[in-house]
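Submitted below is the structure of interest, expressed as structure tokens.
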Amino acid sequence: MATRRFAATDPSLAALYEKLSEASLQPLWELSGLLTPQPVARGVPYRWAGKELRELGSTAGELVPVGRGGDRRVLACCNPGLDGAPYAVSTLWAAVQYLRGFEVAPAHRHTPAALRFIVEGEGVWTLVDGDPLHMGTGDLVLTPSWTFHEHHNPTADPMIWMDVLDLPIVAALDAVFFENGPSEKVDRATAAQSSSEAWFGGGPGLVPVDGPALSARRSPLLAYRWADTERALEGQLAVRGDGHARLRYTDPIRGGDVMPTMRCEMERLRSGTTSAAVRQTGGQVTCVLHGTGRIEVGSGDQLRAFDVEPGDIVAIPSWAPRSVSADTQLDLFTTSDAPVLDALGLFRIETALGATA
Amino acid sequence: MATRRFAATDPSLAALYEKLSEASLQPLWELSGLLTPQPVARGVPYRWAGKELRELGSTAGELVPVGRGGDRRVLACCNPGLDGAPYAVSTLWAAVQYLRGFEVAPAHRHTPAALRFIVEGEGVWTLVDGDPLHMGTGDLVLTPSWTFHEHHNPTADPMIWMDVLDLPIVAALDAVFFENGPSEKVDRATAAQSSSEAWFGGGPGLVPVDGPALSARRSPLLAYRWADTERALEGQLAVRGDGHARLRYTDPIRGGDVMPTMRCEMERLRSGTTSAAVRQTGGQVTCVLHGTGRIEVGSGDQLRAFDVEPGDIVAIPSWAPRSVSADTQLDLFTTSDAPVLDALGLFRIETALGATA
Amino acid sequence: MATRRFAATDPSLAALYEKLSEASLQPLWELSGLLTPQPVARGVPYRWAGKELRELGSTAGELVPVGRGGDRRVLACCNPGLDGAPYAVSTLWAAVQYLRGFEVAPAHRHTPAALRFIVEGEGVWTLVDGDPLHMGTGDLVLTPSWTFHEHHNPTADPMIWMDVLDLPIVAALDAVFFENGPSEKVDRATAAQSSSEAWFGGGPGLVPVDGPALSARRSPLLAYRWADTERALEGQLAVRGDGHARLRYTDPIRGGDVMPTMRCEMERLRSGTTSAAVRQTGGQVTCVLHGTGRIEVGSGDQLRAFDVEPGDIVAIPSWAPRSVSADTQLDLFTTSDAPVLDALGLFRIETALGATA
Amino acid sequence: MATRRFAATDPSLAALYEKLSEASLQPLWELSGLLTPQPVARGVPYRWAGKELRELGSTAGELVPVGRGGDRRVLACCNPGLDGAPYAVSTLWAAVQYLRGFEVAPAHRHTPAALRFIVEGEGVWTLVDGDPLHMGTGDLVLTPSWTFHEHHNPTADPMIWMDVLDLPIVAALDAVFFENGPSEKVDRATAAQSSSEAWFGGGPGLVPVDGPALSARRSPLLAYRWADTERALEGQLAVRGDGHARLRYTDPIRGGDVMPTMRCEMERLRSGTTSAAVRQTGGQVTCVLHGTGRIEVGSGDQLRAFDVEPGDIVAIPSWAPRSVSADTQLDLFTTSDAPVLDALGLFRIETALGATA
């Protein structure tokens, strides 16, 4: 039951340190690194190549049944700076999930919230509390905290997508709960339109007067379709001069981020456009949807430059500047823990860093 | 400077009453009707026929120039129960506005907020703080409090639409400010899409990260298009069994009503459907967009039944039950002062009144 | 059922006007005064003298039983500019209520909210939903919308106090409900401390973890005691240099005004201090608690100057500048409808008008 | 740059695992313990004895200068279940700080927020952004995120108190910033009343109309005095029958917790009273102010029972039930991370566990 013991050459101090250790106390003056002038992010700038993710996902599909371990065939992006923890940045889990034709990943729920973003392909349905959501290219699909969710593939073709979870945050708060689905029977429901979208996806600002009860802290709209997203990007580009549109996915009923722990954004950079470097507290994960270009992350010795293409996943640690230049038109989906930092009064952003190019 | 004097046969009381009058005081015990068990609404159930509104608007168009008096050619719906006040219900101004081909109603602004709802026709642009918003059938266009607004008709054809304002409320609060547009010069701008819609109308829940500054208390989206509205109605009808969809127009960024004083809703009743009677505190104005049917308003001696058709405007006074039955598919646009009553803790609604048919 | 008819010499126009009248319509271009550059307040600057209010209250106490008409012996301040309406300003009822020794004003409730402010005396208890609140000099006691309230005087001495209600607002919204107390039996409960204060009045920021359920929109603390108020005024004066402290009474649990329709403030001006003129939209009622001085209200032809003493009630109409100079130390209690204007986006205030002295 | 490698006997799987490792990926199906049915709290129920904390603090006072390491003479409570991390529970730092007579702990600021709770003694002033706050028995003093704070002891006597910080949370979010005070010069200001209390501490619900600007997310009142706290406790006990009062320290202006990351509560149990067991997600730290009794934490094998006395600090890990029985009247101060869990939709509480006695 003793804690860490500190050494001292002075005998009285050494005696004190021994007593402190026995009493489960530590002397602050012997600790270091607790309070740093700026965040010393755990994790490093990193990129997982989309091509490799697809290949390894496919190999896993051949070798590993979906039911084995966590009921999901998932490859977790592990930031090399995190000492083997299976997290893309210190606060976010990012992974690719691979489902072969006719496979089912059965229903469960957990307090960590998840989102799915699809870079390529379609044909899998995710059931969220029984509501079937089709997954297609460019779509964002939410499985909020403590909602049952299941994935099934009624087609013959495999499909791969990106999962992002707030697992590191929920784990750090000792608040993980998990439960398997209500039964062994597998729901293979599909629908042309989800109930969620029928109620809440009609158009901007149009909400039901007497619709389903709303959950307290997350969007009732569970799928954001690429067609809408692209129209919104183009609308914005039409009225701004810089060729760089950025939109946030929000709760269409009450405003605010889609879920209390993860912010989701999509940006489109016209070909030839470069964005200024921005840094913010908290981690981010960017996934390339369309186009090629260059993402620079970090500064000084930590600066890394990634030539990106569709499917690439890039980790941006806390307070690391990020800038982007687009060789072709570039669409980037980014998730961050910004709502957490914002709620706690810890969100800082610097946007005036200038282009790093 | 004396106030109302009350009579009394008792000489001491008569003397007191005289002194009270001289002191600008009134004895509560001689007043009556101040506190009633239920609201005794000023105003009565009433219907203005769309056909008549169009005819009289057209006649006014021939006889009266647009520039004369208030810079608008407007016919105000005057509830017969309001002692000549030009209001449709005690808290809402409703009117039709008529603009001939090539006419312009010049820019001004006022603290009373306004909305425009178009039953038929198209071709006029409303400029709100310089942003050109096209007006077409089924569209809702907002001109929030203290925004400059101008209407112009670049076509050869006349157009008519409904205006609703919160004028009675702003007047009751002695808070009316008015200002003419910045200059005599007339802005005849048009645009395929308004800036407001380009920024904020992309899709449900999709909002700009770094868009224009938001006003504190009203929607930045100034036009709600019929195509979106109808899709939302049909989406809702697909997942509910009662053939009666109701949606509310809201601020797509922060949620809540489009303006702090007026709630806007659209409902679609499938042919043959009847809605239960509902009553709520505060006044409402309903405008028929499509279809025919019957709207019953009030109860007991005050019960009125209106066989309605497109363009009809119906006044529903505070606490009067309203029920609807649809002969054909019926689309109804309704404005109320519910956000005011809600903000003040005075909103009551009874929905279990049963069908009045 | 015809509305106001307008005259025209042109025969076609006259014919149109007749048809409009028959159709319950009015031509906007014949209306005037609807939209004014600035608020043209109904009501005028006015002062009711405390001395006179006490005398007339006392006379009413001798002549009129408390049970007659509205169950209250109340003299309503009637602004001479309001055409006989029994309101102090267009949006607020203000009155004095007089209760003789051992009298009871029985329980009732209504949607208009009320507050009591006591200039002098003590000994009456107000029961709010059964909770006995003692009333003493300088106290503010709330009877929020739809709470049962009763006043009783267990002492031999009469007592007088000021009532302010939001009645004109609730009436303008056609939202008045009224109900008599549950029975004829009279509750004469007293208590050293009300339950409301025991739960919510312990100290700034100290709130019960598992206390009574809160009402949605108003303070659970129903009495604000003068001892606390004075300490807060003196605390503030100790850290500001201008000799003019102003504090607002707020909901101690959620912040914000004590009730959704009325703002309550107390100010203390050190002897010899003059406040700059301030004007705001909406009406205000000021009651002098201690001291003498001069309150100027209005501007230009409407400017009125009142030499005030304790018990005086002063009406400040919308947008009329108000400034104060203190001959002795002066304590002023002020109620306004500012929360209403604020909620509706109609609150404007100008504080840079300069001292009017 | 390789991540953790997993073993497999099947050669193809082994080859895949090698490739995954090279690609910084981990197979979910080989991970375990990520999603548990209930929280498996890091940290154990634990108690640091007040007597020992005072003795060791005193010894540290003799041996260690205040300026050495972090500028504070602080002994951190290290939960034996946290692998040597200097935290009382997984999300909270708790410690005792010891300042000898005439010593100064110089100014600095950091994004982790801190609070001070004083079990015994007085005489030290904490300056928060220059405002001198006296520290006395039973007081709660806040040093919110990024406020400069300094402690100085103008008396000859030493003083000890408890510090609690949200450091583990801020560190987990990679959001630690730190800055030393503006200069070397030491501010030894004192004041009978802090500016914070003069503005915001006047009484429940009494707030300045035109006071200092408010920070976005934390209480402007920086000290909560024991006299107020005790009066609130006794007020509450007078109107509840169970002999167990609980109050929360909140922002007196806007409501809500005093800081966005830490909830502060005080409870008083009458002698002989036992509280039912309660468990909640997130960690808690309880400090005994007055009285003796028994605190039971945990359940099953993890159940620990502590006989407590003033100055004892008890760690309650996430989801561990806690119950209290009071031998004498018992006053307990408790800090938790509940606002964090609440903001993220992760707060769960079970209050119906029944008394564990």
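For reference, chains read A, B, C and D in written order, and residue numbers begin at 1 within each chain.
The criterion applied here is as follows: contacts are C-beta pairs under 8 Å (C-beta built on N, C-alpha and C of every residue); 3 or more make two chains touch, one makes a residue touch a chain.
Predicted model, so just to flag it, every value in this text is computed and none were measured.
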{"item": "Number of hops, chain A to chain C, where each hop joins two touching chains", "value": "2"}
{"item": "Set of chains whose contacts include both chain D and chain C", "value": "none"}
{"item": "Remotest chain, chain C as reference, centres from CA atoms", "value": "A"}
{"item": "Whole-Å gap between the CA centroids of chain A and chain B", "value": "44"}
{"item": "Gap in Å, rounded to a whole number, between the CA centres of chain D and chain A", "value": "30"}
{"item": "Chain B and chain D, separation of their C-alpha mean positions in angstrom", "value": "53"}
{"item": "Two or more partner chains touched - positions in chain D", "value": "none"}
{"item": "Chain D to chain C touching residues, read off their complex", "value": "193, 195, 197-211, 219, 221, 224-225, 228-229, 231-233, 235-236, 238-239, 245-255, 258, 265, 267"}
{"item": "Interface residues, chain C side, partner chain B - complex", "value": "1-4, 10, 12-13, 16, 19-20, 23-32, 34-43, 46, 48-49, 52-53, 56, 59-60, 63-64, 68-70, 72-80, 84, 86, 90-91, 95, 110-112, 145, 167-179, 216-218, 259-261, 281-283, 317-319, 337, 340-341, 343-346, 348"}
